[in-house]
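Structure in structure tokens, see below.
Here the chain labels run A, B, C, D, E and F in written order, and each chain numbers its own residues starting at 1.
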Amino acid sequence: MLLNDGVRIDGRAPGHLRPVTIERGWSKHAEGSVLIAFGDTKVFCTASFTEGVPRWRKGSGEGWVTAEYSMLPRSTNTRGDREAVRGRIGGRTHEISRLIGRSLRAVIDYKALGENTVVLDCDVLQADGGTRTAAITGAYVALADAIGWAQGKKLIKPGRKPLTGTVAAVSVGIVGGVPLLDLCYEEDVTAETDMNVVCTGDGRFVEVQGTAEGQPFAREELDGLLDLAVTGCTELGAAQREALDSTA
Amino acid sequence: MLLNDGVRIDGRAPGHLRPVTIERGWSKHAEGSVLIAFGDTKVFCTASFTEGVPRWRKGSGEGWVTAEYSMLPRSTNTRGDREAVRGRIGGRTHEISRLIGRSLRAVIDYKALGENTVVLDCDVLQADGGTRTAAITGAYVALADAIGWAQGKKLIKPGRKPLTGTVAAVSVGIVGGVPLLDLCYEEDVTAETDMNVVCTGDGRFVEVQGTAEGQPFAREELDGLLDLAVTGCTELGAAQREALDSTA
Amino acid sequence: MLLNDGVRIDGRAPGHLRPVTIERGWSKHAEGSVLIAFGDTKVFCTASFTEGVPRWRKGSGEGWVTAEYSMLPRSTNTRGDREAVRGRIGGRTHEISRLIGRSLRAVIDYKALGENTVVLDCDVLQADGGTRTAAITGAYVALADAIGWAQGKKLIKPGRKPLTGTVAAVSVGIVGGVPLLDLCYEEDVTAETDMNVVCTGDGRFVEVQGTAEGQPFAREELDGLLDLAVTGCTELGAAQREALDSTA
Amino acid sequence: MLLNDGVRIDGRAPGHLRPVTIERGWSKHAEGSVLIAFGDTKVFCTASFTEGVPRWRKGSGEGWVTAEYSMLPRSTNTRGDREAVRGRIGGRTHEISRLIGRSLRAVIDYKALGENTVVLDCDVLQADGGTRTAAITGAYVALADAIGWAQGKKLIKPGRKPLTGTVAAVSVGIVGGVPLLDLCYEEDVTAETDMNVVCTGDGRFVEVQGTAEGQPFAREELDGLLDLAVTGCTELGAAQREALDSTA
Amino acid sequence: MLLNDGVRIDGRAPGHLRPVTIERGWSKHAEGSVLIAFGDTKVFCTASFTEGVPRWRKGSGEGWVTAEYSMLPRSTNTRGDREAVRGRIGGRTHEISRLIGRSLRAVIDYKALGENTVVLDCDVLQADGGTRTAAITGAYVALADAIGWAQGKKLIKPGRKPLTGTVAAVSVGIVGGVPLLDLCYEEDVTAETDMNVVCTGDGRFVEVQGTAEGQPFAREELDGLLDLAVTGCTELGAAQREALDSTA
Amino acid sequence: MLLNDGVRIDGRAPGHLRPVTIERGWSKHAEGSVLIAFGDTKVFCTASFTEGVPRWRKGSGEGWVTAEYSMLPRSTNTRGDREAVRGRIGGRTHEISRLIGRSLRAVIDYKALGENTVVLDCDVLQADGGTRTAAITGAYVALADAIGWAQGKKLIKPGRKPLTGTVAAVSVGIVGGVPLLDLCYEEDVTAETDMNVVCTGDGRFVEVQGTAEGQPFAREELDGLLDLAVTGCTELGAAQREALDSTA
């Protein structure tokens, strides 16, 4: 039984996030780096800032932001093969890498960034549901740090603000008919509907990806999940701000 | 200018689909096959029914449905490299193949299907926006034909109904602030927000995938797009039914 | 029994082609495009004309023509794996792509083409024997259309004729000791000898590829097959001309 | 000038082979092994005999013969990349491997071979034209040795003769209007027409592959080339017999 | 200047290790897991214990131990491409994975392990020289924990001791003519000679890999490096013991 | 029994090399080429000299030397798959290619070589232990010939000596407690310790790679093996000189 009188298996209420921690400065090499935890889900996010852009963008005066996601082989309960060993990246990995990149680009002003590239690497050290949403939320902080670093080095023109807002992400889902915020793994595998929502700090949507795992879902269910997600993202935005305000 | 007094570049009103045609029996080999057109977008969908299931499912008594999507190299305005030549499948192709598979599995009763597998191949012959939604809509019809074929051959137990409903998909998006149904390519590339929605015939949701291409979108915009999408899927459901009711 | 009193399983006489249809203008994007059918074998051929040539040919003043062949997974009786999914192109596909390219280059004057490239894509939608010969025959028509398009756009110098002739191809084989023209799949798999012949419109040879499937074949058998093939190619040349003379 | 009064650049007459040497027993590991030279073209052929057959042939009572061809990177005048390094086998390599396999299978009685497999590896140590024909001619001798070895080990049933004949191959081509036998590299690159012919010892054809490199070729030219090839194969058959009759 | 009066850039004496920390229990999923640091080099090692062995070892009654090494893309000063993205594992990665596996197998009694497999994953989170030696040293502790776990679960027969000893590794090298222990990155790139040494707890050698980066090295230099390495491995053995004696 | 009163299975004393032969000029195409034999181990080494260097080295005024190692599929007792067919290079091949390249670069003065590249290809025709050491020893001779060729062609500045010394390699190992020089295959698979040593002509070390196959080895054993290896390399150096002094 995942829900007992509205109490979840880890004791949370339906609308509560797991404990969120965001540690900055986790790498001595990367321009921005964060170890983010959503409960037992831990993702290591680095932002690599380099001057120059991919060939197809040269001379445009605009920058580029992209992301790569990966799970360590034993980040999950049973060991998975390394994609490097299999020689090809799986569909799920591709999908999530693309989602993270799009989500962060939604708050980037390419002109202000100038012809510079930021690559976000999100490596899951331990997985317990919500790895892609933790990755987006942590990558935003690493990105902000990398941009701050570049401003300090005068690699971005004075007065330009490449970040147009903040972005965070959370999962929501329906378990036993009840809409839940920030699903852990056990909840995720039993959810009837599973949705990942990416929001900006002002409560607008960047991405909405909802999937019926079992039964198709009705419009009211969708509406309930969206409400819950906006609340969650707002809380995560506060955690991001707090992390960025502390001294790294 | 894509919109002129609410009239779209191809003359449609914002809430109108492009002309939809569904031709069944397009292959003499496949158990189900359809050539579907959404305007100038043409997708060839085949359903291959085989007895037996992948190894991980053997002995479960349950069947499996999966899909592969691909674009012919010159289905687009400029020729793209073949993924077979490049030696790897791109992220977008992976993503869409997975989406089609999930969408069709949402209306499948695995027990009723028995230990049989249906593979849907969706090859885009000509692209003009909405290839994934046309693929889902056409693949449903090919799937229904393949299941009918298997029932005729007694490969499915008498009285079992592997299909629990119908499924169709459509794209919606905001162009110049106006929500539009079933975007053609030119609209798609300029849309501020782009959403693909997969619905069952009774108006419930199987997948909702919305992306802010430029500005993040507000809740009311999202609501407007969802309304439009449900309307579109309902119309497509009628076209599917009509095609299936005709003699192949 | 494939042959009954010299009548073939589909009712043809030994020296008869299957019904041939050539539909031009099948793609709104490609500079030349054809759907060709040899009986139940259907191949979709597109010709993509682009200015410029591969790096190794730059500055030569000469153009380039190349081809890629592929079968849709369910073009055959049982579904085959996609080569993109397997991550490598098989030997047969390679062989046929190279054959198509060589065959068309045999009627190209590279100087007259100028530094332009034409890529022929031949995708088999439905296979019933003779896919490579149908591909060559159809690709010639698509190539001619693409060159006509380029002449209209002044991408080829006025007065230059990049096409030095016409080219068509047909299969021949010995079944039950009888030489047959244009084998369908059932004939092909039982043929003792199988030959593909590519001829120009004036009856000269571009490619001759004969293989003993069972017993080695004698010189007189080879001679008989070559006679039959020349006849077949001449008829196909007439069909090509007719298609090109009609309004696309 | 490749031809001077009918004398070729290496002093041969048009209908003469280059010096052919066939050294057996070149490997202490392989069941059959040959170093064959056609002039400066040197190919190392090994025949690996193993009990058992590929899965798709198990239980048939029939054996299998297959071949792999490869060029050492510096077998040619300028170094080529290794296909293992590029991670994929090129079309030409695929094509030739398949040709060698088919040619040898033409003289194999699968039933007599029993459920055993012979793999022929043909590695070009030095290339000077005609590598595929030298490979076929040498591989036949290695195959005969491997079968002899297996008969000695009683791995083939007493009295069964897996080899139904002998097979050899030679290239022919038209250079400066003159049909030539066994082209060296310099002749090969300038030939107007290039043909590889595989014959059995009794002068029948196993494979005929002719290609117009420049102008299409006429029927009489084709006839002349076939005559020349049969003569060449007959001489090669004598060289094979002589090698096999000597003590390895 | 890397050395100033025998003092190294980070203040160490030539024969000193960097600070070593070994944190056990870093993953909630893996049967054994360790975060090991050699100064700024940080490697995350997990040991995955599974019942059963690879096919080639089935029925032998013996177990198997193997390892995979990888660097996160931004573990280094400038970002490296992911091997999964490139689609192939580089030579250096292969080499180190094999070294780690061999080193750990040197202290394994396969019979005592029984038909079980342990896979060690060593992922470099931050690199500053000596990643392979830190990986071996940390992987040993993770392996010991996984074996302890399996003994607790009775997956190993009572009384059997799969570990026959302990194993640790360290790098040594000659910089400016002075032999140094445990090189950091800056020392590593300027070393004239670079050696990785793997020792058991009793001071015997498992692997010795020395490479002249500039000048070849003399026998006395080799002897001096080996002395230093044995000292270093003994100290690391003590750190391993201490970590294992503490409560995870 | 591999050792009988100190006599090895092939009759050698523990400190003896197998018969070594070095044939130069084995390829008409390569700038340097050698067929080297260490007993039954035969490796074909070619050195390809080309003007220019890889991109990352352009403008440095320095040259580059690299190597690729490969085994023919039937160079071993049972046939191995081709790496080109598997589509990826195995770890062992990578490791040995890198070792050969490093070993030869140890005696190269890049400045004296100028912006030229030498690629060494070492293809094992027959394997009986020690293929990598034979490859290094033979490749040195091929490299010397290629450099001599380039000096003759004035592709290297007059008076510059790109070779700073000579390099050879040999394997040593402990079998039945006895240190042996230059192990053949049967000795190699039973050795308790296995070491490959690369030395310059003046007895200094370029590479030392020792591995405990069974028990870890003690310092005195290591010392004894190193003594033996230096002796072996000195003898090989003499064989190299003799080969180079003869007329190719």
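Structural remarks
Assume a residue touches a chain if its C-beta (ideal position, glycine included) is under 8 Å from a C-beta of that chain, and two chains touch if they have at least 3 such contacts.
Given the structure is predicted, the values throughout are model-derived calculations rather than measurements.
Steps from chain D to chain E, taking the shortest chain of touch contacts, total 2. The chains touching chain B as well as chain C do not exist; no chain touches both. The chain with its Cα centroid farthest from the Cα centroid of chain C is E.
Repeating the B-C interface, with the same residue numbers in over half of the contact pairs, is the pair D-F out of C-D, E-F or D-F.
With centres set at the average Cα position, the gap from chain A to chain B is 28 Å. Computed from the mean C-alpha positions, the centre of chain C lies at a distance of 59 Å from the centre of chain E.
If you average the Cα atoms of chain A and of chain E, the two centres end up 33 Å apart. In whole angstrom, the spacing between the mean C-alpha positions of chain A and chain F is 51. Counting only residues that touch two or more partner chains, chain B has 87-89.
Contact ring, oriented from chain E toward chain F: the chain order is E, F, D, C, B, A. Taken together, the chain D residues at the contact with chain C in this complex read 88-92, 94-95, 97-98, 102, 106, 165, 195, 199-200, 202-212, 215-219, 222, 226, 230.
Remark: chain B residues 27-30, 33, 40, 44, 46, 48, 50, 68, 70, 72-79, 82-85, 87-89, 93, 119, 121, 123, 125-128 touch chain C in the complex.
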